[in-house]
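The structure that follows is given in the form of structure tokens.
The chains carry the letters A, B and C, assigned in the order they are written, with residues numbered from 1 in each.
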Amino acid sequence: MSSIIIETSGLTRNYGDICALKPLDLVVPEGEWLTVMGHSGSGKSTFMNLVGGLDRPSAGSLRVGGKDLLAFTEDGLARFRREFVGIIFQQHHLVPYLTAVENVMLAQYFHSVPDEAEARSALERVGLGHRLKNRPGELSGGEQQRVCIARAIINSPKLLLGDEPTGNLDHKSTVMVMELLKELRAEEKFTVIMVTHNQEVAGWGDRTIYLDDGMLVREERKVEA
Amino acid sequence: MLFRILKNSFLKRPKAVLLVFLSIAMGAAVATAFLGIAGEISHKMALELRSYGANILLEPSAVEGGGFLREEDLPKIKTVFWKYNITGFNPYLFGVAEFSAGDKKERGVVSGSWFTKQLVVPGEEMSVQGIKGIAPWWEVQGRWPEDADEAIIGAALARRLNVSPGGDVTAAARGQNQKFRIVGVVTTGGYEEEQLFAPLVTVQSLLQQQGKVSRVQVSALTVPMDDFGKKDPSTMSKEEYEKWYCTAYVTSVAKNVEEVMAGSRAKPIWQIASAEGALLKKLNGAMLFLTILALCASATAVSTSLMASMAERSKEIALMKAVGADRFQIGTIFIGEILIISFAGGIIGYFLGDQLAGIISRTVFNSAVTSPLWLFPTAIISAFMVALAGSIAPLRRALIIEPVKVLKG
Amino acid sequence: MNRRRWLIHLVLRALAYRKGRTLLLLAVLAMASSLATALGIVSSSMEKRVAEEVRKYGANLVIFPESARLDIGSGGLNFGVVSEPAYLQQSIVEDALIKSELKAEVSFHLRGALHLKDADIMVEGVNFNDIKRLFPWWQLKGNWPAAGETVIGNDLASRMKLKTGDIVELGGGNKMRLRISGIVASGGEEDGLLFVALPELQQTLDLGGKISLVRLMVTAGGNTLKTSASDLQKLLPAAKVTEVRQTARTSEGLLAKVKLLMFMVTAVVLVSAGSSVAGTMSTTVLERSREIGLMKAMGGTRWEVMLIFCGEATLLGVLGAIAGYVFGSVIAQFITKTVFSASADIIPWFAGISLGVSLFLALLGSVGPMISVFKLDPVRSLRGE
């Protein structure tokens, strides 16, 4: 039995009158690839933001990696994130004036110390060893997303969050990115929480939960064929 | 429709609009203040230089000793052609007297004068004339005389007679005696220290020269001398004479005053007159450059704010284009915005600038200044011009860019 | 690569990416600090410049014998001597001047009465070269006197019906025969005097080595005029050393006013520049909200992210200061050359002022943006709001 990496009880997020996430009880074991599915507005991104420490719950409890996230200050959450979490977004959010390797080094800077050699090898690992000095504007969508992946894993996070990372990519790039993530997970053994509304992407996960209108409505486990 | 678009544009981004508005208002205020002052600075500096002392002397044209000027002619000085240039004047009546105080006796000069006399001339504003105004470098320990039998005494004379404020000095001249209560001791480092100064009327009666005056000092605002001003008026043609007379050279102002004082001869006191011309020219020059520099700096600041704010709105412009507006329509909207903001900013800026000019003028020169009315439209127009100058480049660039590029991010 | 180098690298990249914005901010910062520099330099050399101009007003110190009367008059009005004359030893005064190490223009004067035609007139002995320096306002019609010549005051000339070219015979102990080389008008006491060479008058009056009065034009030095006067006084116990307040005191007041005016003008412009910098920087933050959100999402604490922007403001401040100092110094030179026909001093420590102004404006302007950075919610900014 693996240990629990995420444990929530009554996790809620309100914005004024709007309830983005209704009280949610969830347990995520370490190393699991969890897919969170739902239409836009279903609360899936909200859930991810809460789990990643980017947002604060309005009510309920949330423990990630054994730590009580509600006890952290804002800066504390930042430090938690840099140690523990890697995030990939649908819009890649790369810094436009830094090269690929510099974008990865930025993540290192906030964590500890920028290390160009390490950054380079991370980019080589994601297949971009020949595009180190290129700016985001010079990279294709798939390449940009791979830089984001390199950036997300450079500090060896225990938890990798993806908010529709392939939403802007074509089918070929989507498959490439998913393959890469699968390989990396096998190597680094991190937990993956993947938010998507794409059924095909969902299929890569071990378990899928469905959110609708802020509530958990269905849960599916992948059957090992 | 245009109006509604503009209204919404302002309402939706209050902070940004406010920032631009403030920037323009401040720029207009600075411009108004400096331009308002610049006109005055020259005048104020010239007034400052008057503190060096009188630059024109009136003497009796009759040969030494014998002649006098008439006290009753003095108010006419306030009615001459150059009356607004004359900042002050002061009459003197001199006489040699024997001073005694206690057991000390000294021979010296008794001088009758005005100290702070309120002069009322029919048809003119009331003014204060006298030594205090004309010679601000006089250091009086004690106070200035107020009553007819009070006097101030020069420091050197006071030392020799061993008197100080509160003491008495008796002056004897031509068989008459006059006792003076000393209320102040004056230090100047000059001739004054050997004299006793008392109210004119008292000295006139002591010397039995009622209604008479030996000399008059006049302090006037003049323009720097040039070769034309130095010409001898008697050699000038009629047009030249008119031109000379109507230019405030120290020579022509002197002539002007000479005309109303019967039996007088006016001379420029060159020690004062020649130095201040050069100094004034230089100070004004320096001030002019600095004002220009300040205006440039200010204009840069305003333009920058506008460029920054316009650049920020490239997305908005792209959106408008995507929705179907053409460049002309978009340009109109933005220029309309600029027009409205700079109009409002210019108005506020003008009033702020007026206040600012007043503050600066009061602090530095202790006098008020009102901004000329023509600055009002100037402030608004220049606000618009500077705002436009700042906005043009980014606006053009934003209009040219493909909306797709901007919207995609 | 260590953290500090990386930070600098990041800041440089960020500034270079937005060239237009960076240049704008640099322009404002440079203009503001150049104004401060230029005004500062002109203002500090103003003293010297104005002092040079004020020299044209004449002497600011006078030395006369303790026991003597000053000739009577007031601000250019002269009465003549009222009592027994007293004298100073010229050599003693010269020694004292050398000892005091005062930088000053000096003129020696001797007054005495001599008989001319059928009247007694006041004659003054001077060195005409000194006169040219200390009395630049003399309006001389004719020529300066050579040996055996004299200059006569306007009023005296018309009274005695003399003109340039006439020969005058002055009676006294030893007679003097002189040719009038010019007539002087000043509007002051000179108009009633006759001027001859000092040594000749000393000889004629049998007052060898004696003088009645010394005038000094003390050039602006380290000491104030007052201290110079009292120092000199100590070296001349038998004489009285006095400030001529008319010239000395007035220039102080004028100078103070000019400096105050320039200071206020600078202050106003700095306020205007500061708000412009603030406005520009705050729009920059708006544009970069995604970047900021990203950095926070990556685990940057609020202070760490603010440090990056602080670094940008600081770098802008420093660059603006350098440009401002150079530009401002050039402008100051230009103004001083054009207006005062002199060169301004190069004042290195004004670089410090320029730096202070520029940094102050840059950092002040970044306060608002810093607060925005601090408060920014990464979730919302990453979403694109």
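We adopt the following convention: contacts are C-beta pairs under 8 Å (C-beta built on N, C-alpha and C of every residue); 3 or more make two chains touch, one makes a residue touch a chain.
The shown structure was predicted, so the numbers you read here are calculated from the model rather than taken from an experiment.
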Overall pattern in which the protein chains touch one another (line/ring/star/complete/other): line
By count of C-beta pairs in contact, the leading pair of chains: B-C
Rounded Å distance between subunit A and subunit C, as computed from the means of their C-alpha atoms: 70
Interchain centroid distance [CA atoms averaged], subunit A/subunit B, Å: 73
Chain centre separation in whole Å, for subunit C relative to subunit B (CA means): 20
Set of subunit C residues in contact with two or more other chains: 384
Contacts with 2+ other chains: residues of subunit B: 409
Set of subunit A residues in contact with two or more other chains: 91
Interface residues, subunit C side, partner subunit A - complex: 1-3, 6-7, 9-10, 13-14, 16-17, 290-291, 293-304, 378-379, 382, 384
Residue numbers on subunit A that touch subunit C, as the complex places them: 49, 52, 54-55, 74-75, 78-83, 85, 87, 89, 91, 93, 95-98, 102, 105-107, 109-111, 113-116, 151
Residue ranges of subunit B in contact with subunit C within the complex: 16, 19-20, 22-23, 26-27, 30, 33-34, 41, 48-49, 51-54, 56-57, 63-64, 92, 94, 96, 107-109, 111, 135-139, 156, 187-195, 215, 217, 267-275, 278-279, 282-283, 285-287, 289-291, 293-294, 296-298, 300-302, 304-305, 307-309, 311-312, 356, 360, 363-365, 394, 409
Subunit B-facing residues of subunit C, complex: 20-21, 24-25, 27-28, 31-32, 34-35, 38-39, 42, 46, 49-50, 53-54, 56-58, 62, 69-79, 82-83, 135-139, 155, 159, 185-188, 191-192, 242-250, 253-254, 257-258, 260-262, 264-266, 268-269, 271-273, 275-277, 279-280, 282-284, 286-287, 331, 334-335, 338-340, 384
